[in-house]
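Supplied in structure tokens, the structure appears directly below.
As written, the chain order gives the labels A, B, C, D and E, with residue 1 at the start of each chain.
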Amino acid sequence: MSAGTQFAAAAGAVVALPARLVEPVMYGLQRLLGIRRMPWVFLLPNLVAVILFALLPVFINVFYSVSGSDRLFPWDRPLVGGANYATLFDCDNFLDPSTCSRDLFWRALGNSLVFVPVQVTAMILIALLTAICLNRDIRARGFFRGIFFFPVMLSPVVVALTWQWILQRNGALNGLISSAGLTPVNWLVFPNTAFFWSVFVTVWAHMGFYTIILLAGLQAIPRDVYEAARMDSATPWRVFTRITLPLLKPVLLVVFILAVIRSVQTFDELYVLTGGGPGSATMLMVQYIFEVGFASQPRNFGLAAAASLLLGVALLIFTGIQMRISRSGRDD
Amino acid sequence: QEIRLLAGDTGTGGALFEEMAKSFEEANPGVDVVVEEVSYQTIVESLPVQLEAGEGPDIAIITDLGGLSRFYLDITDYVDADYFEKEWGQTLAWLRGGRDTDAIFGMPTTLTVNGAYVNLTLFEQAGVPVPEEGATWQEWAEATRQVAEATGTDFAMEMDRSGHRFASLAISYGAELVDEEGKPVVDDGLRAAIEQFVEWHENGTMPMDLWGAVGGSTHRELFSDFLNANVVLYFGGSWTLAQMDTEVGDLFDWAVMPAPCGPSSCTVMPGGGAMTAFAHTEHPELAGKLINHFAQPENLDFYISNEVEIPSAASQIANGVEYPDASERTKEALATFTAQIPKMADAAYRFQGWRYQRAMMNALTTRISQVLNNELDVDGALERIEEDVNLAIEAAEGQS
Amino acid sequence: MTEASMTKTDMSVSAFLMRRRGRGRFHWTDGLTYAYLLLGLVVMFVPVLWVVVSSFKTPANLAEFPPTILPFSAETAVVEGFDEPLPLFDVVGEDGETVRLAQIRRVGIQAQMIDPADPEAGRIVVPVENATPVRRVYLAFENYTNLLASSGNQIWRYVFNSLFITVVATVITLVMNSMAAFALSKYRFRGSNVALVSILATLMIPATVVLVPTYMIVAQLGLVGNLWGVILPTVATPTGVFLLRQYMLTIPDELIEAARMDHASEWRIFWRIILPLSSPALAVVAIFSILSRWNDFLLPLVVLNRRESYTLQLALASFQTEYGIQYEILLAMTTLTALPLACAFIFLQRYITTGIASTGIK
Amino acid sequence: MASLTLDKVTKSFGAVEVIPGVDLDIKDGEFVVFVGPSGCGKSTLLRLIAGLEDVSDGDIRIEGDSVVSIPAADRGVAMVFQSYALYPHMTVRENLSFGLENIRMAKPEITRRVTEAATLLQIEQLLERRPKQLSGGQRQRVAIGRAITRDPKIFLFDEPLSNLDAELRVMMRVEITKLHERLGNTMIYVTHDQIEAMTMADKIVVLRKGVIEQVGAPLDLYNHPRNLFVAGFIGSPRMNFVEGRIEALGEHTITFAADGLPPLVLDGAVEGAATGAPVTLGVRPEDFLVSHAAEKGWPATVSIAEQYGASSYLHCTLPGDRPVLIHEPGQSKAGRGDVIHVAPPAGRWHLFDAEGLALGNPRLS
Amino acid sequence: MASLTLDKVTKSFGAVEVIPGVDLDIKDGEFVVFVGPSGCGKSTLLRLIAGLEDVSDGDIRIEGDSVVSIPAADRGVAMVFQSYALYPHMTVRENLSFGLENIRMAKPEITRRVTEAATLLQIEQLLERRPKQLSGGQRQRVAIGRAITRDPKIFLFDEPLSNLDAELRVMMRVEITKLHERLGNTMIYVTHDQIEAMTMADKIVVLRKGVIEQVGAPLDLYNHPRNLFVAGFIGSPRMNFVEGRIEALGEHTITFAADGLPPLVLDGAVEGAATGAPVTLGVRPEDFLVSHAAEKGWPATVSIAEQYGASSYLHCTLPGDRPVLIHEPGQSKAGRGDVIHVAPPAGRWHLFDAEGLALGNPRLS
């Protein structure tokens, strides 16, 4: 808290001067518009940024998805209607990606459909376990917290390079294995092991974030409820299932939604680590979009935009359902 | 008046151009040539988008010669067109990206050549004779396999995960890749090359690490394997020479081999950079003149010899260039690389100058990796390569 | 204080670990906890440590398999008649005795060696398998100096750019997000829900996917190659607004009413009351903003097209080019870019947890 | 220092009418206490006066001038919030001076006022502390100090003592009373607490569901509640009520009967009483005369005898399972299960008709 | 239903000794109340008994068996927490049955016990609600119900009523007393509240800084405090203290003098009093006899007269600026500024020596 205040003081110093200039302006606005309209004044900068750099790009993407050519500016692009969507959905049999014109899109979708549940489940389980351990009365709690949070700070590129460096044929892991007398495995060459490591590395990199949130949630559970449970002869396991989990539910929900959204958006780490390989075993949706719309030449903005919109709609529906479920759960 | 020139940050490129630009600035008072070194990734990935948006430098040294064609400034009027035609007739066509025009869009700076590096020491230890010039890919595979077996080396051959590298093999096997109309060609040559390639991966001649383990269009290389003598033959590019020279040291003897032959030809892919001005520049004349300045023979020699690169100008290739600072082995290697230039197949040149070359190369890497991982069979891969490229063309032309 | 430290020194390590903070006996679950945490320590930290250690290895040492744990380099000796120092080898002779020789040149499976103690004795030809290099622990700081040098000593420029982007974007993020959060938490007005939802919905847009349109907008604003072109698109973070709003909801409305009765204008209420009171949440948002700005890659890659506007991350990436990966420099660079964050983290980790706890995500 | 008039003030939140219409006159310098059950609109009324809410209809006048369209800051009123609403990140001094800085008062004048207020409230030595470092009572004082520095015409207090513990509450109560005597401003004070209302007010306003039930001096309300609600609400512990009917009317007596209870003859007379009318008899716990032996009055069985030391409360049951609470001064000798006989003395009872309105005024004194 | 013995129980948190050593015997079925100032270790003691904290040294015996190494759940005690500590996500029924399910009690037996407890506490109709949907008093009842279902030998309450408002507190207090009478279990109850301690306890334990100051029945403590601390702590409002000396010792009188005050002759005698000894005189507010006219006793100037209706408190000042609080039953006629004369009647005063220990027992009765 005190450092929080110090921090605020430091930040305050940086912006003190501009703030002094802003104050009369804002006061004038308040005079002009009245208090009732002031919230809009406060919202305005953020809203402008959101509209300009988040919503507008989405709308441009919508336009891209119904237009063709590799031109950047919408006015240079001829309309092609639903052609991009038609291309994406050009399949003989939706269950078999290799019958599709854009088989990679469907493979990426399929991979995401496996990757996201597996990764999110692993992530939440491990983060929860870690948070519970860190919430106990243990020595060096701050140190361990630091350890688990540390990877969150590394850039995705660094994370991927680090693990690539460790997992490569002549990497540290194989060094360890061969010095233990076992046969080294070329981890990133086999679809299954590569998939495992994709999950592992992304969990490794992000779980600290969720651990901290869950930890905060755990700490918000009143101590005396646990003491009451102790007096009620509850075993540790029952305390966990009947007290901790239910009381953590709201936080778990936030964590779940965030984890799913970010899992679906996984890109940087895997792009560097596996490049989506072997074959297309770890290519996820965002990488597909990136490859089609950005990494390839000529860039097929239209197809990429169409794919990304489908992804966005899917996420939106998912979150909507989640919210609905959680709300109904809270009402009873 | 400021002219911005963008150069990749490899080698000493930027600094050399800055030096050469000095005399130009003296001759044209008030002109300021700003040379910026950027990462190679910027040149490949973000420069095109910038150009789309009408942004970017006045001049850049680019490697996607055909793909960016429509952003180039026609500098015919500012340069000695005949001289350019004479020196770079072939490569100038690449810059036109298949357009039917005689315009001059820039000056090819360096030439790069794909090629195979071979660990001679391993050959010596295995007691296997090094295949002569004119040996086929299969002979090379056989020989390196023997060496690998005899010396306990991990792998016989490796190739960068790059469509450009693979194209060398493919064209040697008779693949056309692109026809005169600029349409993709998927023929038996390509099929044979892919089948051959898959076989090598299946029988362990090549490791899965590169082509097998990576997906999509990602570029990947494992040159460290060669440096550590984990592989007998490494198929990479001429630009790795400097690294070879410093890092291998006297660990083993190595050499660059002449292009292995396929059933059709003994070709490798050419490549290289070109200096082009862009149409959006505010000082077209200055930009053109600056390029012309760099194109003067003394500047060319200065640049090539300091950069230790393969020259691109016909006269330089013919006369040779002095590399005062390079080691013996490097000079030897450069000579071998240069010697490949005349042997290169037409298809290689055509492919290099094709606007949709990158689409084809991406399709090659993506699809071949899928074949290696049993996601596709060879027929399926061929079908898809054609489909991918056609879709790219359609999309680019806005009619999909 | 002294008493506490004395009792601490009295305790053996195991007692130190076994004793839980404060009260209570050692329970089997504590054993499990420590086992898990130690495993976590290995999995989470050792890879990073490995990278740091590796960044001090020479290229030759890096390429070795199996890798050595510590950075080694070959021992060399200056031998008369040779300009360069020569690497030393322990050579097992035919009689089974080991002598230490300096290698002049190696050709394939044989090496020419010379006895450094007795250069006059002439060259000795030795089969390579009989020679093992003499090595010592050596920290290859030259990886770092080379890195600085190869960047043309522009590294400080990159550091400045990264810092500038990080600091400015974070400050703007904090001010803008908290203004929005203030409006969305402390006023009842029509449209507040729409505004909130539309801000939060942007959470679902992967940055990669809208890269191209975003770039186009930046270009239209004339900000290509400008650090502001990276700063502005990133300042309106939905999570920032969300966290700050959740926190501000817990600040009692009465404070605002009291301030209003105290003649404070709305801006003054925001600036003097709400903002200082939100500092725990601001700290959290700041930390995440700093992390993501510092590590940002794709957008800077497209927007920052001039080398002088490069960030550290872009510089890092430029060492991994089509012309080969220089692992030693890459690793050094990795260590260098992660280092400032590590330092920042050591100071801030406590506030992250308490801050998040106090924002009351529920 | 000002008079305040509420003129048909109404307030609705959406469709809910919280204050259906209040008329009230408060004279200059009066200490007025609003009491009423939770949710009756006390705070709302106070906030309407402060200007923190807008009136739906009606008029509020301070010194005769309508203030309904004047913003809160300019009405010349100061409010002390239940939670104090001190700015947690500012020192006491900053808390006191923030409002003055906002109107760009000259620095020396600010210092003067802050010092004055601090001296008055004896918080000079706390000026550099933060609210967190203060005890509840000290915070309370700072909150009042903040109001004082603004030199308001009217002070508004919204349950200012409810967060303090019993002992502190007594102390602060006395201090606020003293403060009022010293400053002489008009003060309006909202509370739940019986004792506060009784001891501090010049005038108590009893509210129910946004309607004023009775206005008057504390002992007036205590002794002469206008209706059942006020009778039950004012006084703690509350008045005992027994429902029954008037059995007979004597000249100076009334005989009250209820099922199962022996008829009780009440000394005193009230207007409007009629034989046979259903009425409610109200007797305050301290008004019951207890006889431990003599069989006079109602028999009450002691179920719990609470000994406070200084006095005793007997929780008893009358026949018919009617609970009744009796207050005996000193340490009672009655124990659980004892039967005592109780009856109110002359005039120390209240009768209410079927509508709950008090029947005249029985008190003889 | 069990006896409890604390035998030299000590407790330290790290280097801080919170309970330096407590010996206490609690008999089967007793209702014992722990009181003491905040931070004196009441909760800690309770938690030691519950088994939520481990004793640093000493022994705790329930029915003669040491329980220090028995986990909380198996000691046969149940605790009602100040914050109730209800499981917020479970219904009332689940809250009540959770502990029973944990020990794998048979379903029908659980239902029986829950129903029984719910009936006892009149919360049957709340069984399907969540704690959030309950009022404070209802939550309190559920918390007690949870303790009841476990059928413990000893009930522990840690300030169970402190979160309730005054009225509810009175009600719940009575209910807990009734509950104790019905169940007859041993109960230990921690509170801050004077009234609760006085009215509920069979035996009050007064703690200060982890040390027992006095143990005894409520009125014993009230009438015969062993020292200044207990005298000041028990009783609300607290006893008035005046420091002075013994000027003269009569046979049945003691003359007490203090600077600036007329000497006061106290009827009654105490052992251990010596002429000239510095003593503190303690008189409870209700023990002062007030004469509005006669000049007998100390002159006290009324600064505030608080009228509660049923009684009045006069805040007065004795000469020498000594504040003194006087309780007058009924509605006092004294007003601000009046001078009244006050003196304690025979035996209704306390003398403490310089160490603060009570001098014998002055009470005549």
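For the reader, a short list of remarks on this structure follows.
In this section, a contact is a pair of C-beta atoms (placed from the backbone, for glycine too) under 8 Å apart; a residue touches a chain by one contact, two chains touch by 3 or more.
Quick caveat, the model's predicted, so the values are computed rather than measured.
Listed by label, the chains that touch subunit A and also subunit D are C, E.
Under the contact definition, subunit A and subunit B share the contacting chains C.
Greatest Cα centroid separation from subunit D: this falls to B.
Among the chain pairings, A-C comes first (most C-beta pairs in contact).
A straight line joining the Cα centres of subunit B and subunit E is 92 Å long.
As a whole-number value, the distance joining the C-alpha centres of subunit C and subunit D reads 64 Å. Subunit E has its Cα centroid 57 Å from the Cα centroid of subunit A. Put simply, the C-alpha centre of subunit B and that of subunit C have 35 angstrom between them. Counting partner chains per residue, subunit A has residues 5, 72-73, 170, 294, 299 touching two or more of them. Across the assembly, subunit B contributes 45, 49, 53, 224, 228 as residues in contact with two or more other chains. The multi-chain contact residues of subunit D, meaning those touching 2 or more other chains, are 89.
Residue ranges on subunit E touching subunit D, taken from their complex, read 165-166, 170, 174, 177-178, 181, 192-195, 198-199, 218-219, 222-223, 234-237, 284-286, 303-304, 306-311, 313, 315, 327, 329-331. Residue ranges of subunit A in contact with subunit B, taken from their complex: 67-73, 77-78, 80, 83-84, 87, 98, 101, 103-104, 107, 168-170, 186, 188-189, 191, 194, 271, 274-283, 287, 291, 294-300, 302-303. Remark: subunit B residues 45, 48-49, 52-53, 64, 67, 154, 207-209, 212-218, 220, 224, 228, 230, 355-356, 358-359, 362, 366, 369-370, 372-376, 380, 384, 387, 391-400 touch subunit A in the complex.
Of all residues in subunit D, those touching subunit C in their complex are 50-52, 71-74, 77-79, 81-83, 85, 87-89, 98-99, 102-103, 146, 150.
Listing the residues of subunit A that touch subunit E in their complex gives 222, 224-225, 227-235, 238, 242-243, 246-247, 249.
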